Structures are given as structure tokens and as C-alpha cells.
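In the two assemblies presented below, chain A is common to both, partnered first by chain B and then by chain C.
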Partner chain A sequence: MPIEVDGKTFETDEEGYLANINDWVPGVATVMAAEDELDLSDEHWDIINFLRDYYEEYQIAPAVRVLTKAVGKKLGKDKGNSKYLYGLFPYGPGKQACRYAGLPKPTGCV
Partner chain B sequence: MAKADFEIPELKEYPEIPPVQPGATAGLKSFVAKPEMQDALGFPGELVDGWQEKAIEHMGELLGKYRSLQVFLDSCVKCGACTDKCHYYLGTSDPKNMPVARQDLLRKVYRRYFTFAGKYFPKLVGATDLNKEVLDDWYSYFHQCSQCRRCSVFCPYGIDTAEISMAAREIMDRIGLGQKYCNEIIGKVYKIGNNLGLPGPALEDTLEGLEEDVFDETGVEVKYPLDKKGADVLLVTPSADFFAEPHVDGLIGYGKVFHEAGIDWTLSTTASEAANFGMFIGSYENMRKISMRIREAALELGVKRIIFGECGHAWRVAYSFLNTLAGPWDFLDKNYPMPQHILEFTWGEIQKGTLNIDKSLNDDMVVTFHDSCNVARASRMGDEPGGQFTIPRNVIKAVCNNFVDMDPDTTHEKTFCCGGGGGLLTDDLMEIRVKGAKPRMEALRNVIEEHGVTNMAAICAICKAQFTKVLPYYGLGMDMIVSVHQLVSNAVILTGQQTEEDESKEDDAA
Partner chain C sequence: MSEIKKFMYLNRRAPYGTIYAWESLEVVLIGAAFDQEVSLMFVDDGVFQLVKGSDTSESDMKNFLPTYRTLGDYGVRHMFVDQASLEARGLTTDDLIQVEWEDWETEEEVDNIVEAVDADKFKELMAESDVVFSF
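And then the complex of A and B:
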């Protein structure tokens, strides 16, 4: 199902992930979050931006541990854990946050 | 946890056999593979013209190749012993999830085209033409089987539904109707080297991070080497071990055990995946191609031994098929088993007394163990029958003071599948995954209530991922599920490791 952002149409796959990562604009995350009845705060954006930077360097989403460690370093140790991330992204940081960030879905036994 | 748009089964104190609800999960269909995913595996991109004839032709080929398939299709006497043994039937009430009915979806077509009675008197023997309706049922219900083989334990003829479901998936793939989850993943193994699609630099970064973490925690430099030429041991582990929780805690544990045992080991980017989804789709060619990566890595690095990490079906492929798929392994050191399971290795080190273990470090847990189906029913560990059951439990008991087994009707060879095995671990099948987990959840809840169990340990990447996702649907914490080597990791005190006691002594001295 394609999504509409500022009058522009973006193709997505059957699970709602952006078809082409290069198409991404911040509005994509806002619109996807709105569909999940979620308002994106600065905390959400910190994660989304980290995911995009990491993907650009490594061509894959970061491992959960890499993500929690980076969050812990940046925002304080109490936030460097999965619980904090699940608090922000209840469908799972790996999948929900990746989708907002325009990244492909992690596949495999995860 | 996502909101469920389906009814979550109610857990009962004793297992109940539900009354049938025909068609309850007929509409539950896994996403179909896209043409490019099919191409990568050598299958037609979409449903081919004349698919009926081609499907029958492929069925004939498989019957000629696998004698077992024909025996399984011929020998069912409809005794009913299997009907209440499948976790998907118990969780969904759909009668086509009874193993005999699942088999019959293929059997009725087999009879029509390959038996005398079925050719001439189809109605008398329940034989039917292969039409679109039958194909739809195949696609739904052969992707609602996790190939766990529990039903075959109870079948007086030993009919293996897994093998029938693998054959059905292979036929569907070859007429252009593949499943997205499995086929996309196999494509990633070919293109990048593992199910997740983790490229070399990402692996390196992740492993460096683990070395830092273990050092920060223990003050000991434990290495997690990648592509180290001339290492003695190649560790082949599921790529989820690099990526997900609690998988990665197991990987940390393997590294600590190797470190203490003084083993020179390495991981490999070429063989950065133990899983072999070629088995799930019943494709010998793909299974072989995936296995060959392990051979390639072993030769490239010049290792002497190969050890497999915690992955259920990988151990089946390794233990039962690797020799014919990718052997002979005559270039490896013959003094060691090939393949060897990480639990066999760790148990050996525990018996030798190499590891300094403080069991009390796991005293905050009461642990139970989930036998993974492919380890339990399709392989073995160690030198004695039943080693696949005793060795994991021995290791857990060596590192934990509190261990409790679940109901014996749900463990050992009668273990229930986690609900996500066999290529079903995908979000588009969440309903079947949650419902299929019901029998395991019931047994788990009973030991929680009776014995205060706090954690369930597993030795399979699929089980770990599946439970992390489905436990919350049943009101249980996702972090209840732990890796067996995570328990080992918690309890092992590394040589030279700073313990809390040392630290407090230092503080006193200061």
C-alpha cells in the first residue's frame, strides 16, 4: 500500500516498508507513525536518525545490542536497554523503528 | 507488542482437545515470494502456465527420488493417533491442521494420479484432481506446519508429516508459488552470506562491540575473531546470534568458554549462517548450495574442527545430512567429532574442570528448558542415546542451582514446537504463531505457578525469537527466554576476572 506524504506518493511493500530507501524524507516517518497512532518525539527521532546513519555505513540495521549501547552512550545508561526502546516503539525497535526510518525489514530468526 | 486482531487462546490447566472448527485458518496465508526472490533460487518467478501438469510431473519425480515419501503417502490407515498431537490443531481447532488431514491434502492428489484405484475410481478412495482450490489449501496448510515431527512420534507407522510438507513446498516452488519469508532469506545467504543480510563490516563492528562489552564487564580480553586464518575451530552459528536478544548473550557465552578452554577459534563471513532454510522448502539443491558455504569457509581458513552454535534445524542438517551434502570432511582433524555441537564442547569442558563456575550467579532465576524439535527428534548429541536431552540439561544444571523440567508430555521427544519453526517465523503468520505456541505456553505457565519458574532456556535461534514475540500475548515477559550459553556466560568466572568480592576487598583496603 503506497503512502501519501505532503502530496507525494511513496511505494511500500506488503508489510508497509518503504520500497526504496533513497526516497525517504522525514515526513515518511511522521505519516507512518500517525497510522500507528504514535506521535514522534525527539526521543523517537534520535533513534530514527541513528538507524539511518548506521544503515548508510553498514547497509544493514544495527544489532539490538549495538543500538542499545549507542543510545546508552548518547542519552545515559538508564536508557541504553531494550525496555526503553520498546517503550518508544511498542512493535519492536528493530522492526517498527526501521520501518519509520525507511530501512528494509530485518529478516531471519529475529 | 503489537495489538492482536485475532483471539488469543485461553490457557488451561490441563491440555484440552478442542472441538473442530472447519476452515478456521484457511485464510491465513503467508506472503508469496516475488519473482526476483524465486529467480535467485532457480525457481520460476510466478505460477507457470500448465501448472497442474507440471506439479504432477514434479510429484512423480519426488516419488521416484524419495522412497520414504511414497511409503508415507501409501501407509496411513487413518487410525487417528496423530489428530490431537499437532500444536497448530490444538491452537486453531482447524481440522486441516490435524497431521492426517494435512497429509491428505497431498495424498488425495497422489492417489488420483499415481494409484490404480485413484485413477479409475477416485471417489471411492478419496482421490481428487489438482485444481486451484486444492493448491490454495496446499499453500495455506503446508505453511501452517512447522515440520516439527511431533506427530510422527505418535504415528504407529512413523509417517513423517514434515517430509510431506517439504515435498509440497518443493512442488509449489517449482511451479512458481514460493513463500516470501524462506525464499527471500535464502537469497540473502547467496548474496551476502547470512539470513539477516549482515555484510562483513557490520559483523566486524558487532563483534568488536562484544569484545568491548565483555572487557568492560570482566576486565578480561575475550576475543570474538572473524575470518582468522589458521584457527583450529570454525564456529558456525545462526546470524541471529550477532543481531538479536537473547541470542547474542549466547554468543558471548560461546566466546567465554572458548577463551577459558584455550581454543583458537574463529567465525567466518562466508559461513556466517548456521541456518539452512533449504531444508524448510524441501529443496535438496538449495540445501546443498547453502551447506557448501561451510565447506568453502573451512577450506579457506584452514581450520581443523567445526562447531555449531545454538540453532535447532542447523543441527539437524549438520548432524544428519552435512556429510553427504558437503562432505567428505577428511581434511579436518579426525580426533574430534564432525560436526560438534557447542553444548557437547561446553559439557566436555565442564567435565574436564576447565571452567571456573559460580552457580550462585544464576540464583535470581528458576530455569526450565524447552527442547527444540529438530534437536530433540532429528539428531543426537554426545555418545549415548538421548544425549540431545541430557547434555543441555547437564550444562544448565552445572551453571544453575534452580532447574525444573516441564510436563514430560511436552519435553524430550514429545516436546512441542515453539510455534515458529519450519519457515513460519514471519509477522504475516503471527496468528498461527501465537496459537501454535499454546501447548508450550500451558506447560510453561504450569511450572511458573507450581515451581516459581522465572526463565525458559532454549538452544535454537527460531525458538528464542518466537518466544520473545509470543510470550507477551500470553501476559508473560519477553525477557523470560534465555540462551543456554547465556546462563553459562553468567556463571563462568574468567581467569583474571574482577569479581564483586575482589572489588569490595579493594575498596576496604583503600
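And then the complex of A and C:
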């Protein structure tokens, strides 16, 4: 189902992931989060921006285990654990945060 | 707890001409979730998968060269390259990307897990692997 951000339409796949990663603007995350009844805090944005950077560098969305470790390394050990990440993204940090960040579903994620 | 097995992913084909290289990479990324001892081997035209500076912008293929650099984070401990295959193509390890590895608990670091090996070592590695996936 396509989503609408500031009057512009963005195509998504059947699971709600953005069809073209290059289309992404921050408003995409805000609108997707609103549909999940979630207000994005700075902590959410840290993870979303982290995922954008990770994709830019490695051309894939990281597996949740790799994401957890990498976040711990970059944003501090208190954030590099699944409790913290699931607290922010209850549908799963891999799936939900990647979707907000405009990334494809993480490889191996079912 | 299940026994840890040695997995070897054998890559024999050039990237981009076929889907094999990308499929192999995806299986490695997925398989990394299972805590096995994973090594990759690049033989024949497979060595081209690691050559620096590939540019796919004029093809419809995504350039997945950068993805190999994250394999250390996915628990891949060794990326072996067949020395004879490199030489036959006029390449050396200087033409290949480097992949870092770090144990996040112990902070033990290896600057580059890409390593050229000769035929004897190759045979030895194959023989000691419990599972071999060939792509």
C-alpha cells in the first residue's frame, strides 16, 4: 500500500517496506510510525539513522544480532541489547526500524 | 547445545554474470545466525568477487562488493583465496578488498581475514570442513 508524506506518494511492497530506498525522506519514518501509533523520539532516530548509515556502507540491512552489537559499539553498551531495542521497536528492531528507515527487510528475516 | 560444525562456502563464479555470488553471500548472511564456524573460499573466477573498485552502475545489478566487508560482523572468521586462481588472472591480494574481524566481547581484532592459500592448504581446508556449500 503506498504511503503519503507531505502530499507526495511513496510506493511500498506488500509488507510495507519502501519500494525504492533512494526515495526516502525522514517524513517516511514519521508517517509509518504514526500508522503504528508510535511517536518517534531522538532514541528512535538514533537507530533509524544508524541503519541508514549501515546500509550506505554495506548495502544490506543488518541482521538483528549484528545490529545489536553494532549499536552497542557505536551508541554505547547500554543501548546494544535487545531489551533496549525491542523497547523502542516492539515489532522487532530489525523489521520495524528497517522499514521506517526505508531499508529492505533484513536478509534472513522471515 | 549442538555441536559446532565447520562450514565452508566455496565460490567459483564471477560476480554479476550469474546470481550465484549474491546467492552465496545471502546464504552466508542467513547462516551466520546459527553460530557455526564459517569460512569462505574463492576459487577460479570466484576470486573476482573480491576485486576492489567494481562498478555496476551501468548494469542493473546492485554492487554488493561493500557487503563482503561486513562479513566479519556476521561471524565469518576466514576468507581464503586460491593463490593459483589469482595468479592465472594476473591478480594479487593487493587487488582485493580487506575485511576486518573483531570479537566484540574480547575486543580481539584481525585487520584482514582475506588470505591467499596454496593448493595444499586448500585441500587441507576442504578435508577438515564438515559441510561444504558450492556456488
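Operating definition for what follows: the second predicted complex is superposed on the first by the 104 of 110 C-alpha atoms of A that agree within 3 Å, B and C clash if a C-alpha of one lies under 4 Å from a C-alpha of the other, contacts with A are read in each partner's own complex, and residues count from 1 in each chain.
Following the convention adopted for this analysis, contacts are C-beta pairs under 8 Å (C-beta built on N, C-alpha and C of every residue); 3 or more make two chains touch, one makes a residue touch a chain.
Just so it is clear, the model here is predicted, and its values are computed rather than measured.
Once the two complexes are overlaid on the shared chain, A:6 sits clear of chain B and of chain C alike.
Of the two partner chains placed around the shared chain by superposition, chain B is the only one that A:82 touches, whereas chain C remains out of contact.
Put simply, more of the residues of chain A are touched by B, taking chain B and chain C as the two choices. In the superposition on chain A, A:37 makes contact with neither chain B nor chain C. When the two structures are aligned on the shared chain, A:73 is found in touch with chain C, with no touch to chain B. In the superposition on chain A, A:90 makes contact with chain B only, while chain C stays out of contact range. Of the two partner chains, both chain B and chain C are touched by A:65. In the overlay built on the shared chain, the residue A:15 is in contact with chain B alone; chain C does not reach it.
Using the contact criterion defined above for the overlaid structures, shared-chain residue A:107 touches chain B and also reaches chain C. In the superposition on chain A, chain A positions 57-60, 63, 65-66, 69, 107-108 are in contact with chain B in one complex as well as with chain C in the other.
For chain A in complex with chain B, the touching residues are 14-15, 57-60, 63-66, 69, 82, 90-92, 94-95, 106-110.
Looking at the complex, you find that chain A touches chain C at residues 57-60, 62-63, 65-66, 69-70, 72-73, 107-108.
The part of chain B that touches chain A in the complex is made up of residues 1-2, 31, 181, 184-185, 188, 194-199, 201-202, 205-206, 209-210, 213, 238-240, 242-245, 247-248, 275, 311, 425, 427-428, 461-462, 464-465, 469, 479.
On the chain C side of its complex with chain A, the touching residues are 26, 29-30, 32-33, 62-64, 66-67, 69-70, 73-74, 104.
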